[in-house]
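The data blocks that follow each hold one structure.
Next come two complexes built around chain A: one with chain B, the other with chain C.
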Partner chain A sequence: MSEEVFTLKQPEKDERLLEQLSALTRHHRERSPEYDRILLASGQAQDSYASVYDLPWLPVRMFKNHHLKSIPDDEIVKVLTSSGTTGDVSRIYLDRDAAAAQTRMLSRTLQTVLGPKRLPMLIVDSRGVVADRRSFSARGAGMLGLMNFGRDHVWVLDENGEPDVEVLKQFLAKHGDQPFLIFGFTFMVWLYLYEAARDAGLDLSNGILIHSGGWKKLIDRAVDNAEFRRRLAEDIGLTKIHNFYGMVEQIGTIYLEGPDGGGLYCPDFADVIIRDPETWEVAPIGTPGLIEVTSTLPTSYPGHVLLTEDLGVVHGVDDGAWPGKRFSVLGRLPRAEARGCSDTFTGGDR
Partner chain B sequence: MIEIDRLRKVFRSSLELPEDYDVDGLEYRGIEKWDSLAHMSLVAAIEDEFDVMIDTDDVIDMSSFGKAREILGKHGVEFA
Partner chain C sequence: MKIEVRFPAGPQAEIDDVIAGVTAEPEGGRLVPGDPRVVDFLTALARRLLAPSIARRHPELGSLGFFLRKTEIRKTLEHLRREGDDALVFPRGLVFHVPPANVDTIFVYSWALSALAGNPNIIRISSRAAGAALTILETLNECLADAHPAIGQTQRMITYGHQDEVTAALSAACDLRVIWGGDRTVRDIRRHPLAPHARDVTFPDRSSYAAISLAGWQATDAEGRKRAAEGLVNDVYWFDQAACSSPMAIYLVGDAGQAPAVKEELLSLVAQGARAQGFAVDAAMAVEKRVSTYGLAAEGRATALDLADNTVTGVTLTSPDAVPHDWLGAGVFPFTTVGSLAEIAPLITRKDQTFSHFGFTRDELIAFAHQLGGRGVDRIVPFGQALNFAGVWDGYDLIREFGRLVTVTA
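Entry: the complex of A and B
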C-alpha cells in the first residue's frame, strides 16, 4: 500500500521542507558549477537559510538558457524538454534515481484520489498523440505517464480529432457502472467530452476526472473552474473532478485539486509560495502574485525552488479538505511567452 | 506449458521479439522495443495470460523480466 502524501500541516511542512530544500541547495551548489555561479552572482549564496521563504529561487526560464544539471553526463537516463512556442526549450536531466522518484511520487499523489487499482480509462484525445514512438509531443509524454493508472484504454477522439460518441457509449456500456478514470486537457474535456456526452444524454457519474492545462482556451466561453464543475455535475453527472497544476521543470510533482473543489493542494514533498511581482515579498493570503514552487524531487538538476511565470493566489492554509495551502492558478503573467503542454494542440482553436 | 515459458512467450509476443530471443535478463528500456507504450500492452497481455489484475504500483515497479515474475508470484502464479 502506498504511503499518503497529503498529510502535513503547514508548520510541520515548513520545518521539514526548510531542512530538505536547504540540503538540496547545498547538494546542487556542490555538483552544478553553473548553479553555484548563478547564486553567487545574484547574491543569494548563503550557508544556511532561516526560512523556506528565504531559499534562493531560479526563474523557470533559466532552464532554457543554461544547461543546469547536477549529475555527470554518463548518468543521464532521460532528458525532458518542455514545449515552447518561441523557440527555446527547457532541458531537464534525470538520472536513474530522479527518474524513479518522479514516477513513484506522481503515482502516490494520484493514488490519493484513484486508489491502488488501475481503472478502466477514457482518454480525451486521439491515439495519434502517442503513435509516433520516436517523437512524442509534450502532450503525448504526459498522456503516457497517466496511462499507467488505467486499463482498457479507450480514446474518445477519432483520427480526425472529432469525438466518437459510439466509442464513448460502448465504453460506458462496458465500464460505466463501476469507477472509471477519465483523463484529458481541460479545454478538450469541455469541448469534446462534456459537450458530446451532454448532447447524447450520457451518464458519467462513476467517472473520476483528472484534467490539466489551464483555462485560457475556455475564457471566451466564460468557463472557469466553478462553472466547469457545476456544469459537469449537473449535465453529465460527473462530480469527482480533480484539476492539477505541474510543469516539466518539476516533473513528478503535481498540485492536485481536492475533493471539495476548494483549490489545488500541495503534496507533502512540495509547496507553493506566492510573491508580489514588484517587490518579491510573500503575498498575504488572498492576494494574487507570482507562483514559486518548491519540491524535494529534483535531485539531478537544481529545480527544487523555482519561480514560475504563472499568477496564483493562496485561498487558505490548513483550512480545507487536505492539510497545507490551497491555491488557484490565475493564468500567465502578461508578456510571458505562451507556453504549456496543451498549447501544442491547435485543433481546439475553432 | 510451464509458467515460466508462458511468461517468456508473452514477453516475446508483446515486445515483438523473435521466437528464440532470451528474455530472462530483459530490463525496461533496456531494449528499444520495451518502451513506455509497449509496457502498457505487455502488462495487459500478462493480465490476460495469467488472469490477474496488476495494480498501479506493480505496473510502475515491473522494471524487468525478473520483477514481472516476482509480481506474478504475489498473485499466486507458481514458477517452481
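Entry: the complex of A and C
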C-alpha cells in the first residue's frame, strides 16, 4: 500500500470523499444525539448526498460551546483542547483508533517533504513554550506534536526569547551539511531566525522549513508569502519552505504548501471547499470565501465537515505541483460582537 | 489623576479639580429644577439634532432630539414638580453617570434628565465612543457658544482609562451614581464606596421578549401586518438585537393551529422589511447565528431552523421553557406557542424588561401586567417601540430619582 498522500486528482477524490464522508455523517448521526438534532433541525433528513458540496457542515466554533463526540466516555483516550483568542476552548475527544489515525496521517503527510527518516530539528521558539506541561498553550501543543518528526532538537531562542546565534552556529556546524528540519511559527521564523541568520551570514540551504500561524503579524512589515520565500532563499539559502494550515478540530489533517510555493494542497483524505458567506454556495475558483474543511480522520467526533472562520481562495484544481485543489488562507473573519447595553468597559477600556 | 475632558472640550484635567469645578456655585447662582439656563441649552441641542443633516446620518439622534423638544421638556418638568404634592423638589446633588459604551445615545438621556433636575453632572464617556456619540459631543460643544456659562461650569463629560482612582474619587464625591451597562459593570463600579447618604441607580443585564396574538394577527389587514413586521424589524435589528430592550424570542399566543402560517408570513414580511430598511448581516454575524442556533438544536431546545436567508433566522423552539436568555446574533427569531398571555406569566423573571406586543387589546395587556404582579417586565409596548427611551426606565422614574424632596409643614 502506498504511503503517499498527495496522489488523487480532484474527480477521483470527490468521488471517494463523498462516499467516505457520507458514511461518516451517518456514523456520527447514529452516535451523537446532539449532531443528529442539529441536522434534523436544519432540514437534513436524508442520509445520502449527491455531492461532497451538499454535505452538511458544522461551524468549527461548535466545539467550543458544546461537547460533541461520537464515542462513549469510557473509550476516550485523549481530550484535545485549544484556546481561541476569545478564551473559549474547543474540546476534541479521541478514542484509540482516532488518536492513532491522526498521528499516522500527519506523519505520512509530512513525510512527503521530510522523507522517511527523522531529521535533526531546529525549533524557532524557546524551550519554555513546552516546559510546563500543565499550562502550555496551543503553541506549545502544536510544537510537541511536530517535535516527534525530528531528532537532536535545538531551540533557537533563549529563555528571554532572544535568538541565540551561537546555538544556531553550533547546530549548523554539526548538521548543516545534510538535510535538517526547521519548525516555527511564521512570524517568529521571520523575526528571529531569518533576521539573525542573515545578519550572521549563515547558510541554511540544507534546511526544510515547516511553518504555520498566519501572516497577520507580518503585514505591517509588508511581508507576504512570496516575499517571505524570496528573501529566505536569497539571504539565507533556504528554499525548501512549506507553510501549512490546520486546526485542532481536525487534528492530524494539515494542508501543506507545495514545493513550488503555489499554494496549500490537500492530502487525499481531506479537502477544502470555499463558500460564499452570503449564499453559502461554492465559490468559483479565484473568488475568496469562507473555508470549509473536510477530512475522513474525525471518527470519534463529528468534525469531518467543518466551516472555519478563515477566509481563503482556491487558485486552481489539478494544475499544480501536487494534484487536487491549490488554495491560500487570506485571513480570519472578525468575530461578530454584540453592541448591546451590557458594555461599559469599566475600570478602563480594555 | 489626569482625565480627558470631552465637554466642554478642553485640555486634560485633574479629577479633583473637575469635581471641585462642577460643584462650585456657577455664574447666575446654583441650578434649580427646570432651570431656564438648562432648558435653553437642551432645546438648542434638540434643534441641532433634529436638523436633516444630522438626523439623516444618525436616525437615533432624531429620537433623542424629539425627546429634548421644548414641549417634551415641559411635560417632564411638570411630572418632576409633582403638582398637588406638598413636597418641594430640589436637585439631588452631584450625579456621576457611567453609561454603556455601545448604545450611543443613552448618556445624553441620562445626563439631560439629571441636568433638568438642576444637578451638576459628570458623565464618563468611553474612549471607544464613535459614530453618533461623537456627533453628539461635537454638537454639545457647538451649542456651548450660545449657552449660559453656568452650563459649561456645572456639566462635564470625561474619558479616562484604567484608572480605578478616578472612579473611586467620583464615587466618593457624588450624591447619586447612575450605572448603566449591565451586571458586570454594576458589580465592578460598586467596588468603590459611595458617601453614606448617596446611592446608586443601576441598570443590570436585562432580556426582552415579544408576543403576537394569533387572533389579533388574523384580524389585521395586509397593510397592518406589514407595519407590525416593520416595527419588529426596528426593534430587532437596531443594536444588532443586543440592546436590553431588543426582543430575543417571540411568543405566539392563541390557537396553536394558526401558528405555523403566521410565523411564515411574519418572517417573510420581516425579511422584506429588513431589506427595505437596509438591514443586512455580514459574514461574521451569519456564522455567529449558525453557531448559536445550531447550539439550540444540539441542546434539544429547537426543532427547526430556517436558515435560508442570512438576515432572518427563524427558530422553532421545542417548548416555552426553551426560550433563550442569551444573545444569539442579529436577526434571530425564535418562536414558541402558548395558549394565552397568562401562560407566559410564570416564565417571566426579574431580569425581563420589555415585552413588545402586537394584536392584543389594552384590557388583555393590563390583565397580563396584573398576572405578572411585578415579578418581572418593566415595559409593555407595541411593536416598533421597544427601543424608544422613556423617562420611566427599568422601573425607575428617572427625573424623580434626580430630585430631592423637602417637605414643609406650617
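The criterion applied here is as follows: the second predicted complex is superposed on the first by the 331 of 350 C-alpha atoms of A that agree within 3 Å, B and C clash if a C-alpha of one lies under 4 Å from a C-alpha of the other, contacts with A are read in each partner's own complex, and residues count from 1 in each chain.
The criterion applied here is as follows: a residue touches a chain if its C-beta (ideal position, glycine included) is under 8 Å from a C-beta of that chain, and two chains touch if they have at least 3 such contacts.
Source: prediction; values computed, not measured.
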{"item": "Chain B versus chain C as contact partner of A:H66, first or second or both or neither", "value": "second"}
{"item": "Contact breadth on chain A, by residue count: chain C or chain B", "value": "C"}
{"item": "First (chain B), second (chain C), both or neither touched by A:Y265", "value": "neither"}
{"item": "Touching partner for A:K117 - first (chain B), second (chain C), both, neither", "value": "first"}
{"item": "Partner chain(s) touched by A:L58 [first = chain B, second = chain C, both, neither]", "value": "second"}
{"item": "Contacts of A:H153 with chain B and chain C, given as first, second, both or neither", "value": "first"}
{"item": "Which of chain B and chain C A:E278 touches, first, second, both or neither", "value": "second"}
{"item": "First (chain B), second (chain C), both or neither touched by A:T103", "value": "first"}
{"item": "Residue numbers on chain B that touch chain A, as the complex places them", "value": "29, 35-37, 39-40, 44, 47, 53-57, 59-60"}
{"item": "Contact footprint of chain B on chain A as seen in their complex", "value": "2, 77, 103-104, 107, 111, 114, 116-118, 130, 133, 144-145, 147-149, 151-153"}
{"item": "Of chain A, residues touching chain C in the complex", "value": "34-35, 37-38, 40-43, 58-59, 61-62, 65-66, 68, 277-278, 290, 307, 309, 333-336, 338-349"}
{"item": "Chain C residues within the chain A interface of the complex", "value": "98-103, 106, 124, 126-128, 160-164, 167, 179-185, 188-189, 203, 205-206, 239-240, 242-244, 246, 282-288, 290-291, 294-300, 302-305, 307, 310, 327, 329-330"}
